[in-house]
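Heads up, the next two complexes both have chain A, just with different partners, chain B and then chain C.
After this line comes the complex of A and B, so read on.
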């Protein structure tokens, strides 16, 4: 008899290792997030299409490159001059695709369910930026990359959609098939932080001894 | 590694980008009248100047949009970038065809 297949989180096998890392390194918390519905939206940024979509979503599309805004139960993320990603924690992907597709099709736009494309990893704590900077070329200091900004860029060898949720709080959307690599990169790179903690508290302890 | 200025995303690392060949190639106005030689030149022949050269680049790892860049082929230095349809950021030298 055929085995029954159960849907598992792409990072299910890294959960324990990431939890151990978070417990071992003060100032760093890393964990896989629950999956969300995601819909890729294409519509002309200026004119009635963008306005209609904004009305349907209840919030204006972020026109500024590399920014995102909150929606009722998710995020609306700038991906390109005529492209956004809508995430929704409670929404049904097929339903969202149909409803929003109906709105934008009148303006030569498109809405595509891409929920299965990405999963997300959350990085928090005062060492989160330190860790990311070991594999990401962007200036991630809060002055240059404050809450509400995002970037599609590289972390290690993989492309990620990096969101700043707060000063020491990042969400990394990554392709599902690259999620294991990204988690392994985090685990591997964080060894450096275990060995030589360099956050201010640790340095203060060192100088006292 | 140098930074390339994406017209939308701003300065990003060079590895995020993909090269797309010479820019500003106009499609033949009357394609039906082209000889094989003309077609070959339109499809395959490209300028190869020593100096500033207008090229198409794509921000592959980022916004995935195509844009125009003027790059100095002697130094590999980027002199400027522009969105499609915008005027070239810097004048380029075109090699005279013999």
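After this line comes the complex of A and C, so read on.
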């Protein structure tokens, strides 16, 4: 028996196939990202609650709908008029929830640990937008969806929280239970972008690894 | 062969072999099936669906009303238009009488969709569309240009002159500049529907024309979903025929189509040609065919044929008869002669091709789809856009501009390229039909619908063209009335003595051309048909050999068969192991909602039927949610986490419904409540550890947790940690057994599951699936919302009056409980049923009837209710069922009959709790 409770990534079983895809298709890189702490924050955007939360986070809450800002070790993402998602690469989920809950509860707000609720898939490269266009109805042209914007939308048939990190760089937060579907959708859709069909044998080798 | 040297753009250097109706022919890359058939002298393609009349090829593109074919190879597809099927080597097709056949095999081709956003979308790459796209691109806009044919140029034949050079050179130059400017230019792409706000759907045929060279991993067809700030409809115009007797024979086609066959494919569709027209454009067809070697006679309806054209015709040896109309034709499998009335009386003209032109119908479909208003234009004899539609413009022939100079100006404005001189257009003669037998005058050739049919509709009192359409079926075939729609309006007006202006036209609806369901489905088929949701333990379940069950979108292990076990055996084993030792379930799919804020208790009190605000921190309460109608919506447990915080669970399938339901009340009715709802369904993984030995297993894994009854009573929860990871354990039982539900952050789910299994090994811990869960709960009479209920069942019907608060002033559903119907003693109530024979498992859904000793009486047989759940019980060593039965609780102890497979199975009505009615087991 292990001494510490190990973590399992929801996309652990798709990692190899996604790596093969990224290697096979120039201009496309897809990989599951490391898990981060995440807290869903609810508080009135204007007034003392939002200000107090901003002070606690060291950065003002993004007020513009569908935008996100950097924090010291993560992102602060606008989800709704009174809702944000805070991510933190180094934070402890329970501690974050406790600390921020203490701040917002004074203003009738709420803080909920949702670290394992979603996982994220990174999509980069000059073909990233082309791939997304095969399953996402939003206007993702850099003029309409520049770095710093985000949207809660569908890719294929699943809901994602889509973040533009750069011109050809996207992060897709997806509900953990849908992550396998999303990865399968990416693998299937990206067939289009391959120079030649992916040989079943190649995939069979992958799954044996 | 009818191929003419020096004409056409097909690749004559390469030969393709194809089979039609069992005979082998050849054609060339660039051909359509129709052009290749005509090149081989084949005019007879199929027969009409109703009357079986021989049908040929009546046009050169999507307006064709007759040449429907079944493709057999490369892959079976029914009812395609021969005029739009691009020829590939090895194509096998046959003509149809109406319907074709669907493939019995799954279509191996890929289909997908793509979303595109653009500033300007131009539909149609004829001269107007090309120039409009160029102007927008030069102005720096994002431009998408789609066109349904294989190459740009629209109706240009190549004989025209633009800016002093051949028209197709001009087209090539524009296409090249568009590419340079980054325009997304898609040929073989049919815009088939326009919707609000610049949303256009288009179908791209991507690989068929490549034949065997088509890459299998690329989509065969793609549905483009295009959103544009500006849409330019440059879809051109389609020639309108004139109706006459026997106008449906092979060898009768639109005049411009014959010209298209000549210039595009190098095919001369006939040697002995009669052209019947009321419009100038047919003169160009007559002259071109004459120039290619045909004998041509032209019959012009009009008393004054266009002077310049007539002079050219005379020079070319084309005889022109003015004031002449076709009254009939001869020839079964192909037209043999044309019967006409001229000023000199009736004549009979031998012919192997009869070309018809009654003017032009602007292709207004896409403009009309988006509710653009159309009005009759008496000069055109057709309908064209009148109003402007925000963001949508129609230009060129689609807007009724028929001369090339005008079309170029429509596309490019005052700086338009200059069109070479052509005779000025003279007015079109507006003629819908000629004299003759209306029984043989076909308005919609594909539907065998005649002038007589319209007469019958009008005679039946129909006045609206919409009604006439539905009565006669005119315009409802694969071509959606491209050639017949306006004619039907005109003829209806004539028969009614009304003005076509007042009658208008039928509504144009998407799709403009047929779209295969496979294309619309895209990649959402097979494994990706619907998203599959999995828990963090999915790979473990797979490795353990679980048989999965779909619960909503979730894949849940139904049972874990051991070698040689069927479901019944496995489930009996899992049930027995759990009731006698310890079992473990992956319950992670349960919906979970975090409810936080000072008014959290108030909200829950208003939504649940029972009181939640009195729940103490550290405790758990079962609760029921009802709709406004007082019927059970969902159920679950509520944990009070602290003063202002609750965690509630929902059924697996009800999670989204419950969250939406709560948000709706909160946002629309009680926005003043200071409470926030957050879904944490996937944050927490949940493993019920169930059975008399569960205490040992949980106690061993969580050393810091006092699992004894006094410290940790039933319906309480406790937080602990394992290796520093927070874990929440709740004493909730869905089986009646001692049980601990272990909750952990999903990151650690596989690790903790493994740890619990390891600790349980010496107790024989048995993973069990949903089937065992269902049996165990059914033995205790716990309903499953959505299985034992169907939206018409109240808590009282379920025998759960105890869960309905008498103290609360109000809650959702309360008022409905006082409805007289809710107190009707004959309402169906939740009971158990024990088959008297002790052997028969009653099928779920079985109807329940009164005892009938002499077999079922004659129908109608009054139904008492139905079986909602039914299982074999390891504990009871017999099958049992749960059921909803009228007045069921008052009938406990009575016998009923259940018809099963033609026989009656006698069953005893009982209380719902069959195992451990005293509840002695829950504390171990």
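Note that the second predicted complex is superposed on the first by the 188 of 209 C-alpha atoms of A that agree within 3 Å, B and C clash if a C-alpha of one lies under 4 Å from a C-alpha of the other, contacts with A are read in each partner's own complex, and residues count from 1 in each chain.
Heads up, the rule we're going with is that a contact is a pair of C-beta atoms (placed from the backbone, for glycine too) under 8 Å apart; a residue touches a chain by one contact, two chains touch by 3 or more.
Quick caveat: nothing in here was measured; it's all calculated off a predicted structure.
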{"item": "Partner chain in contact with A:137 - chain B first, chain C second, else both or neither", "value": "both"}
{"item": "First (chain B), second (chain C), both or neither touched by A:109", "value": "second"}
{"item": "First (chain B), second (chain C), both or neither touched by A:35", "value": "second"}
{"item": "Per-residue contact with chain A, leading partner among chain C and chain B", "value": "C"}
{"item": "Chain B versus chain C as contact partner of A:151, first or second or both or neither", "value": "first"}
{"item": "Which superposed partner A:177 touches (first chain B, second chain C, both, neither)", "value": "second"}
{"item": "Partner chain in contact with A:65 - chain B first, chain C second, else both or neither", "value": "first"}
{"item": "Contacts of A:52 with chain B and chain C, given as first, second, both or neither", "value": "neither"}
{"item": "Common interface residues of chain A - those touching chain B in one complex and chain C in the other", "value": "137-138"}
{"item": "Complex interface listing, chain A residues touching chain C", "value": "1-8, 10, 12-13, 35, 40, 42, 93-94, 105, 108-118, 133-141, 144, 156-158, 175-178, 180-181, 184-185, 188-189, 191-192, 194, 196-198"}
{"item": "Chain B partner contacts - residues on chain A that touch it in the complex", "value": "65-66, 79-81, 83, 137-138, 151-154, 159"}
{"item": "Interface residues, chain B side, partner chain A - complex", "value": "1, 8-10, 12-13, 15-16, 61-65"}
{"item": "Complex contact set, residues of chain C against chain A", "value": "110, 112-117, 142, 215-219, 225, 227, 523-524, 527-528, 530-536, 538-539, 554, 589, 594, 596-598, 644, 674, 676, 678-685, 722-726, 745-752, 755, 758"}
